[in-house]
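Structures for review follow.
Two complexes follow with subunit A in common, the first pairing it with subunit B and the second with subunit C.
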Partner chain A sequence: MSSTFLPCGKYHEKYSQDHSWWQTTFIKGKMIALFAVVLILIPNVANDYWLSIFNILGYTILGALGVQLLIGYCGQLTLGHGAFIAIGAYISSTLLVAFPWPQSFHDMGIAYPISIVIACIASGFWSVLFGLPSARVKGFYLILTTMAAHFITYKFILEQCAVSFTEKGNNFSIPYNHTKLGPWLVDSISDVYYLMIIFVVISTVILANLIRSRVGRAWIAIRDNDISAEVMGINIVKYKLLAFFVAGFIAGLAGVLVVINAHMFNIEYFEWFLSLWLVGIILIGGVGSIHGVIFGSIFMVIVMELLQTGVDYLSYDIPELLQQYQWHYLAAKLTNLSTAFNYIRESVFGLLICVFLIFEPHGMAYRWQQIKNYFNLWPFSY
Partner chain B sequence: MVVSKKTELKEGDVLLKLEDVHMFFGKVCALSGVNLEIRKGEIHSVIGPNGAGKTVMMNIINGLYRPQRGEVFYKGEKINHLKPYKRSELGISRTFQKVEVFGGLSVLDNIRLGRHIHYRSGIFSGSCYLGKTKKEEIEHRKFIEEEIIDLLEIEHIRHKPTGMLPYGLQKRVELGRALAMEPELLILDEPLAGLNLEEVEDMARFILDINEEERWKVTCLLVEHDMGVVMDLSDRVLVLNFGNTITDDTPEAVQKNQDVVNAYLGEEDLYSTRR
Partner chain C sequence: MENFLNVIVSGIMTGGIYALVALGWVLIYKCSGVLNLAMGEMTLIGAFVTLSFYSMGVPFLLAIIISLIIGFLLGLLTERIFLDKLIGESILSTIMLTVGLSFFFKGVVQLIWGVDNYVFTPPVFSLEPISIGPILFKEVFMWSFVAAVILLIIFVSFFKFTRWGLSMQATADDEMAALSLGISARFVYSIAWAIAFMAAGVGGTLLGNISGVNISIAHMGLTVLPAVVLGGLNSVPGAILGGITIGVMESLVGTYVDSWLINTIGVPLSIKDIAPFVFMTVFLLFKPYGFWGWERIERV
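So, the complex of A and B:
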């Protein structure tokens, strides 16, 4: 908060003003405008395709928030965050479809919220379980234990065991009339959009509030210097595990959205690349910043979407055109591109990370801060 | 056996006691049978050449190291088994020889972290940032501004990231952070090392203020090489050499002690005062 300069001639008179998020009327207006766009404009203007892109953006943000909390704020390197999203997705959907709920629970819309809460708590504890080694190991070694979390969850639990847990196994669809939150049937893509907005806003607010109060400061202290953190009275094991729990809980929410956006549970979404992808997002957006999560997610989701559109265009629309002119060979070549897209996705991702680490090592959030400060101080830059 | 924070000691009672403390690192004997009694209200200094074991002794007192033999008593009760964060709850705070500030946080947040044990909000109240948390943040901010920032004269840098500050200011912030805990015993590990003359004078004045002012009255354990400052400030001085105690006496007696003079013979330039 205080890292942004106030415009010239503005001062705080109370501590509470200095502690608040939106410190000037202008910023308050800006935020209200943003909410208007997100809550009114987008759902009315965007078509289903774009809404589903926004939903993907939503759960990407939620996943990246957890990674940001662990890596950016608490200094606990993790490369297995996809596991906790997967657990949230799996438990919420399996509970909903396979648990013998009385029909009245479905009708009253209790079954789904209960499943969501249980799933989030479960992925929170699942995350704590794999965070336990952080009491003993740091940095590089922790990367390995969190990667183990991913492989145990994906390869062992979801691929091998899930098939025997319930007859639904690890690939099933969610009946449309089941996803009822109280009286609200979360059904169409715009319902999912609103649910996504609720989850994202709540999680962001919670995290931002934690960061500016006691718990979050303890996390940052552990990141910056764990020895003096402990000497200052911080129980570092407790706070590390708390960070893993909160990150896992938010990952659970992301998992719930992954499932409901597709109306199915499919384990293929939770490949290990997801964990890497989330870390990449915070690298690009900016480590140690909530803005960074949002910028990074928007950037990556949109770049990938544009890439997808471009490849689709090249591999379907243009070949059709070429066929008309009897250029069969070229058309066939281009069509093959669509199968190559998976690799392109990964290469572009790698390339982007390199580019950002070289040219913008502090991430997009840092640049944003610079631009904001420039305009706040303009025209007298002192 | 729980050491209660509320145990009130009178001036002159033994606050912290080391009894026959031994510490080995492999074959290196960093401390061999050190005894120490710090009385409430005093400034007790520890001097000795580099590698004498002074920092090891401080680490044992606040729990970063566990001695292989010997006892640590705080307010008459054994605290050997307590972790560092528990000891800070009892009122032991410290600064480090090499500054160990939270570089990514602002000066204000560093000092807030020093008050971690006095804040109350947890994960739920913190995530809402209403009522309790909001009120407590303002109360503590008031305390920090009025008591710490004023005392240490760091108003101008309160929002600066600590890692970017010059060394002397970082040391001052570290002192502020240690003090924000409102400790009863403050361990200062070479607070003057690496400071220029003006900063040394400021820092010495702060230490004296912290010890003498009615508001603070903090007992200090001071490790320092600057003999002038040590002899001026201290009520007692312990001299260590290769893990052994040479003497533990008043500054006047230490200066006259033949063993100390012998141990330091030919090293006057190193240990002479800068003033």
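So, the complex of A and C:
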């Protein structure tokens, strides 16, 4: 039985057709249209501001994919995923900037790919290190060890080791002529956009295929009941650690994008907030679904941007307007309130998460499925 | 030797404060099975409320009592408005809800009180250190230690001997069974949040007396996590013992290991802050439920 809804009179004759990704012409057309929008329309239409928002969206999706794999598919609660992103970002940027590469490596564009790969592998193993307790503990206690990952990475590696052992410290910019992938110099925001698209598409495809393979079935079995999974002959420690490695690897890619989007490494981005935000994304998008990652990321990034725009509007644009109409008193009042608006933004953000969890507990992916079903079955939904 | 004793005593005293904050975590977990990540912000609210009343001229003890009452009401409200709706949902949703709450609380606190550092004026506890033999410590540390011990006795007897305490433990153990025995889960949850808010208020007030009341108190709520884990998430005496262990470890590491790193090895690193977390991670490998946490025996 195929998982997609087939139109009247269309039947599958081979099992491989049941498992193919794009089963109907409509889906093929839809996906090609999506690629056209993403690859051609957006880079041509959007200005730099919007492109940078898309880049933020891109690395948010990559980070959330790892969290989704750990929480949604393997059942390993994690609240420290930001640490692995930070490691990926830090190692890729330090290797590129501080390692004594021969000049020819920079010219040929080998230095950057090598540092990306090393950073991803390092953050994968860093993630495995903190996944090790998962062999013994689960649930809350695992949350706490992943939180330890954050504190150890942030407070020790980034705040202290980075400052005392390397010259660059934990806040440095990356020269624009160094980020060269082979012949391709990634220096403008639209270059980063294409790089982001490549990373996101590749990781999504790999992850989606991993999940429906033997490995993915093992992960899902562990999520549903780890004791039964062990009884069935699945080596749960191996598969749990593999999940941590893959999640860490993708987090490393996200970290690379975080750095290259701003062409600088800034420690402040990797506060604990990042980990919480990623978990929030998959809860809002829907746990156990790749659609959920994308929907959740879009929702959270847009909400954050809208709130920020609202704050800017209230504290700069409206006062200016009021000045024009000679309402100086009100304008001054509003400008004075601009810090207050920032605090309000923070609490509104918190409230939004709460409201979403209360009223849409299954996430946006579930709602999406409902909408699709409604139209597939229309007009007779019984 | 004197130095060593001093280090140990100051560790125990700091541990008393950790224990106070850790108590709040344990209480909510023990009663409702929720890991409450808004604990730091609740501590902050408690500290600010007491401070506001104290600066208005209310005597210190009365200010604490008022903040306890306000904490009780806020706890009830929070539970009724937010957490009540999520009974029966997955644990992760509930945890994330507390994260949302923590942003909300933090924003509101900053909106009302700003980000400045406030101190209790005039100081409640004398700044002169007390000396017993060669050992010196500040008065406020002694009082927080005493408060931790008193609260320990109160809560342990509350959970052991009172009807409410027993019904809370029953609800945390098996909600369905508790409901069928006529325990109102909603009532239990709201009381749990009210009590946790009150405990956080006491902790926050004492913390505020040490280094002033500011937003960094909220981070304290997270740094005490190793203490909670060490004792086991659902053990009140465990929280106290874990707090003291972590306090002593921190002060020992801060005094001896850090100076050894700087003077002998020549590396300017401070591992005082992360030592508890490293210890916790390794500790969990050997004792997955802490010292006194409930071991869940799973059956397929």
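We adopt the following convention: the second predicted complex is superposed on the first by the 349 of 382 C-alpha atoms of A that agree within 3 Å, B and C clash if a C-alpha of one lies under 4 Å from a C-alpha of the other, contacts with A are read in each partner's own complex, and residues count from 1 in each chain.
Quick note on the criterion: a contact is a pair of C-beta atoms (placed from the backbone, for glycine too) under 8 Å apart; a residue touches a chain by one contact, two chains touch by 3 or more.
These numbers were taken from a predicted model, which means no experiment stands behind them.
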item: Fit or clash - subunit C, subunit B, common subunit A; value: fit
item: First (subunit B), second (subunit C), both or neither touched by A:Ser347; value: second
item: Vertex subunit A; arms to subunit B and subunit C (CA centroids, nearest 10 degrees); value: 80
item: Subunit B versus subunit C as contact partner of A:Ala221, first or second or both or neither; value: first
item: First, second, both or neither for A:Asn209, with subunit B first and subunit C second; value: first
item: Contacts of A:Gly288 with subunit B and subunit C, given as first, second, both or neither; value: first
item: Touching partner for A:Tyr15 - first (subunit B), second (subunit C), both, neither; value: first
item: Partner chain(s) touched by A:Val231 [first = subunit B, second = subunit C, both, neither]; value: both
item: Subunit B versus subunit C as contact partner of A:Val246, first or second or both or neither; value: first
item: Contacts of A:Ile358 with subunit B and subunit C, given as first, second, both or neither; value: second
item: Subunit B versus subunit C, judged by how many residues of subunit A each one touches; value: C
item: Distance of closest approach, subunit C and subunit B, by C-alpha atoms in Å; value: 6
item: Contacts on subunit A seen with subunit B and repeated with subunit C across the two complexes; value: 225, 227-228, 231
item: Footprint of subunit A on subunit C - complex, ascending; value: 29, 35, 37, 82, 85-86, 89-93, 95-97, 99-108, 110-111, 222-223, 225-226, 228-229, 233, 267-271, 273-274, 277-278, 280-281, 284-286, 288-290, 298, 300
item: Footprint of subunit B on subunit A - complex, ascending; value: 2-3, 15-16, 18-19, 205-207, 209-210, 212-218, 220-221, 223-225, 227-236, 242, 246, 288
item: Subunit C-touching residues of subunit A, taken from the complex the two chains share; value: 71, 77, 130, 132-133, 135-137, 139-141, 143-145, 147-148, 151-152, 155-156, 160-161, 164, 225, 227-228, 231, 272, 276, 279-280, 283, 287, 340, 343-354, 357-358, 361
item: Parts of subunit B lying in touch with subunit A, wherever the complex brings them together; value: 62, 64, 83-85, 88-89, 93-94, 96, 100-106, 108-109, 112-114, 116-117, 119-123, 126-129, 133-134, 137-138, 141-142, 145, 159, 177, 181
